[in-house]
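Two complexes are shown next, each including chain A; its partner changes from chain B in the first to chain C in the second.
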Partner chain A sequence: MSAPLSRTRDLVAALRRQLGEDDPQPPRAPLPPVPLPPERVFPSPRRRSRMAEAAAAHTTALVGIGHVGTRYATDVVLQFQAELAVAHGAVAAELPDGWAEARGYVPVRSRVAHHREFLLRPDLGRRLDEPSAARWSAECRKDVDVQPILADGLSAVATMGAGPELLDAFTRECERKGWSVGTPVCAKFARVWLQDEIGELARARVAVILLGERPGLGTGDGLSAYLVYGPKRGNTDGNRNMMSNIHARGTPPVDAARRLAVLVHLMLEQGTSGVSLDLAPRAAELGEAARGGYRAPQARSRLVEV
Partner chain B sequence: MPVLEPLVPKVLTVRRLPGADPALLRAYGADPERHRALGLVTVDQDDPTYVALDEATKHAAVDVVYARSFYAGSRHASGPLSGEILGVLAGEDPAEVDAGLDALLQTLAHDACFYAADAGGNIAVFPHVIASLGHYLSAQAGLVAGTPMAYLVAPPMEATIALDYALKAADVRLVKAFPPPTETNFAAAWLTGELHACEAAAMAFAEAVVDVARQPRER
Partner chain C sequence: MKLQATIRGVAYSFGSVKEVLAKANPPKSGDDLAGVSAREPVERVAARAVLAQLTLAELRANPVVPYEADELTRLVEDSLDESAYNAVKHLSVGQFREWILDAGTTAARLRSVGPGLTPEMAAAVCKLMSNMDLMVAGAKCEVLVRCNNTLGLPGTLSSRLQPNHPTDDVEGILYSAREGLVYGCGDAVLGVNPATDTPESTAEILRALGDLRTRNQIPTQQCVLSHVTVQMKALALDCPMDLMFQSVAGTQAANAAFGIDVRLMDEAWDLMRRRRSSLGPNFMYFETGQGNALSSDAHHGADQVTLEARAYGFSRRYKPFLVNTVVGFIGPEYLEDGPQITRAGLEDHFMGKLMGLPMGCDACFTYHARMSQDELEGLKVLLGAAGCTYLMSLPVGDDIMLTYPSTSFHDVPTVRGLVRKSPAPEFDAWLASRGISSGFTPGARFGDVTVLR
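Let's look at the complex of A and B:
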């Protein structure tokens, strides 16, 4: 290793000449040779070992990324930091006031007062605050088949991105099947279970909440949808069906809307949801999602070029 | 000996403890949760060693957990290996501690040193300029890491006169003064400002120390 030396010795040598000392300072001891940095084991992301290639084809996890000495390579570290920054940015984002009104949704909010409280108190995010509950009761269409709800969840970035597109596509699917659809509503500082209270007030048969999902590395734009038959406070996660990874690199919103409508159809037919819902009758319509088994992993997008 | 000849510090001991006992770690200011390995040095010049310890924090994931000067300096040491200072680097990974020691030893061998301010080599001056502080000295000085700092040391009278020259020579600010007596009976001061200002102040300091050495009594 070579420490960059300070200029102090040169400055003192100059001062010494200035003070009239003619003889130069003794020569400095030679610096030791600088050892070469360790080799990168996989020299580039495009030339990996065959085993690493095969493993990476099965997962988006960071496998087969090689190493330099005992550390990660610079491009791997930068990519990781960039992906983490995307996730942090998504969690920190807030739905701006007026966003819902501008799109014609009824704006409601949970009992959470501010963003930090939203992250720390999931319980408060599951209940409507009183003015919102009153407004929603007054303005919503009652006794509907399906109540769609758009919400920020843990990524307002995702909601503001593909949220309206997903909501519109889902509403169209439902109307095409002849079901009555509730007034579009947009909830701020919302957790999944808020769908129970909103759906209960609208006396909906099925409530569907579309919200930004907890961001992962490099995916701050994913939406999830949670569906519950007979929304009422006290429902648990066992009563819900869900679909995640609704974004351009996962399930595109248009495909997602179609599959969500199939799930709603099953719920209306069977009068239940969650673990007791049988997906088999419409497995063909659900497509590959219902079959389970192997699915190719999503491609990672490179955020950093080195 | 010509004036302003470098007095290269002698590294007396370099030892490592790759897995130090938690009780020892705590006793020397390390945190057993974060530190496991120690690198220890004794050197016959304390101030170049403080600079070198700080340099180590810029090159490896290590903390300076312990660094103290010994009373009355290396000429009154408790043994031939004691010198004037014991410095301790601590890290989670022994390899990081090794990398820190490399940087420390290189700084002592090639960079930070006292200079003789008189022909006899009896008066020592340390007019060192750190271009960019590491996280050890920056915390000690209450400055942001990366700030330039002039680290100025000389015997009591020389340092006092020279500090006045240094402060007036350039646009610098006194961060911390160490009036005599310190452990080693020297006096010291830390100045900060732009890098070129720190350099001008340090050279004014060195020049003034040489001047006091040449003319100790004005009357």
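Let's look at the complex of A and C:
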């Protein structure tokens, strides 16, 4: 039992009838009901086309999703929009005030004033603001072998997720090898090159920055790590080594920490990093730490359930 | 040469042609980052007024990077078609804009002057055009190229099929490739960005795509977008390389950051001339994008539109089969939002076409740029209407390797339907023979992968 659509409309219709001005045309023949379209769904392990099922063993690409005319089925549109929203949410997130202090990290920030400026001015994200530089210089342990840095980068969601676990695991790996490790620090509005100034102030031999990477569709939880020997302002990308896709579905933090420690080991041995670092001497260790070989694709999870 | 204009009694003067070119640009975050953009909107119009008065001869005499300092400037200057240049050198940029838009100026006439234009001339006239001007002018230019099929015929819109995979799993690549083909995509190229940049992996992917193409007799070409030096080594591994790819930029220093120079590209071109698996005569594939010079600090204080045009000046030496601008991929520090990305896509398409290149566009953004999916869909239709040679195509437009949204398998037939354009003729005939589609109309087997072997 539903409420009338509009009391005004009912009153006007009644008035028309009283005045004998009802539609003089004979009523139209009823239209045949539109048939229900065949079920087209975003592939999931429970419901997917045979093609999508076979493809899932090899790829996370969305294939076998069918079409309506040349466009997507409604279910596909909704899943797609949900994945997009997750990515945009990860980009827009910021490290809250007090988050770093609560975990015992020295909080520092770049010269960026707000989030939009962070996206538009990579140059400002590569330098510490003056109070941060002063505080870091006063509080950090000096002349260390390794300076780990946690930072937001392009996904604070990733940093707040697996960031502390990765930082702890990496610190433990370094200590196990007998290296001195710098004071834990967390940087807000940070670009990769900020590791140079932070590492230089601590007079670290190697600086390692762990930061949120650019989110992809449906994901915003990936971390990347960049390593540089002899951190100092003026270093370029050619001086750095990097590792990406650090998250539960990619390289888990504990495995990543082991691989990062192998890279640090090579840098300390060879006194260099980036394009001139020779990975061959510890290729076996790197391979083992990376657990090389075939890996099945990550499952693409269904985000919308109703 | 007068570099001054007055608006409402205020005189605006500029120190150089390079400064005029930069300040005449519509707002771009990358020009702000480089510190070369106009300070306020009226100054921007004043710069355009000055630019409109400069002649093409004055632009030739004032390249944004000096002849002595840059091999791209030398390449353009030394190989300019003098007779084509002489036909237009006396025009001011404002008059040149009007000549391009004039109904009496045919595609053939535009094509004949293209080889006489320096990149600075193409960039200059671009700055005096609105988005719709750019579409009208872009649609007028006809650039025809041939490899295993023919791209750029009037009434056609092609697409690159981009079946990228995060671990280069060949079966995974083939699943995406087959799906795209049955949506009518892939007439420009089956082109994979590899996750692993090695000759062996490049050769393996090329063989897999080549087999798929041969088995189903598909008239298109395959390419793996590894670094040019890697592809040169892969050629020695006996693999079917139809097109050779490289990312290019608008200055010698920016190309150095990509690990290339004119000499290396000449060598690569010559190797492909002898060893390629395709018919030709066009067999090179270049990608560009506004901001790529600044990102390697190699912009020489010039604006990103002019530098982009200079990348086309470099590209045309090699008579490429494909050139595309990866317009939104570089990030919001160069193109901040939907309007900037849309504008840049239309600019790049027009400038490339005017200079005689078969321009495609990867209509895309990154998730940290402020662009919506609806705005991106709009750009695809604008490009289709502007006569863009080809768009990209991926499963739901999602690149699972490079993690950014682009054009989808569904978008390509949709845009074709909306602007009533067909695939390349050889490919169109193949699609019709399989019942997939005919022209811009889907057929009975549209979207059905079982039509492929």
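The rule is simple: the second predicted complex is superposed on the first by the 235 of 306 C-alpha atoms of A that agree within 3 Å, B and C clash if a C-alpha of one lies under 4 Å from a C-alpha of the other, contacts with A are read in each partner's own complex, and residues count from 1 in each chain.
The rule we apply is simple: contacts are C-beta pairs under 8 Å (C-beta built on N, C-alpha and C of every residue); 3 or more make two chains touch, one makes a residue touch a chain.
Just so you know, these numbers come straight off a predicted model, no measurement behind them.
Of the two partner chains, chain B is the only one that A:Arg7 touches; chain C does not reach it. Applying the stated contact rule after C-alpha superposition, one finds that A:Glu101 touches neither chain B nor chain C. In the superposed model, C is the one of chain B and chain C that contacts more residues of chain A. Look at A:Glu139: by the touch rule set out above, it reaches neither chain B nor chain C. In the superposed model, A:Glu269 makes contact with neither chain B nor chain C. Look at A:Thr70: by the touch rule set out above, it reaches both chain B and chain C. In the superposition on chain A, contact of A:Arg16 is made with chain B only, not with chain C.
By the touch criterion defined above, A:Gln25 lies against chain B but remains apart from chain C after alignment on the C-alpha atoms of chain A.
In the three-chain superposition model, chain A touches both chain B and chain C at residues 70.
Contacts from chain C toward chain A in the complex involve residues 29, 32-33, 163, 165-167, 169, 171-173, 175-176, 179, 183, 331-333, 336, 366-368, 373, 394-396, 398, 400, 403-405, 410, 413-414, 417, 442, 446-447, 449. If you check the complex, the residues on chain A that touch chain B are 1-9, 11-16, 19, 21, 23, 25-26, 28-29, 31-32, 70.
Residues of chain B touching chain A in their complex: 2-6, 8, 55, 59, 95, 99, 102-103, 106-107, 109-113, 115, 127-131, 199, 202-203, 206-207, 210.
Per the touch definition, chain A reaches chain C in the complex via residues 51, 54-55, 57-67, 69-72, 76, 80-81, 83-84, 87-88, 90-91, 119-123, 154, 214-217, 219, 295, 297.
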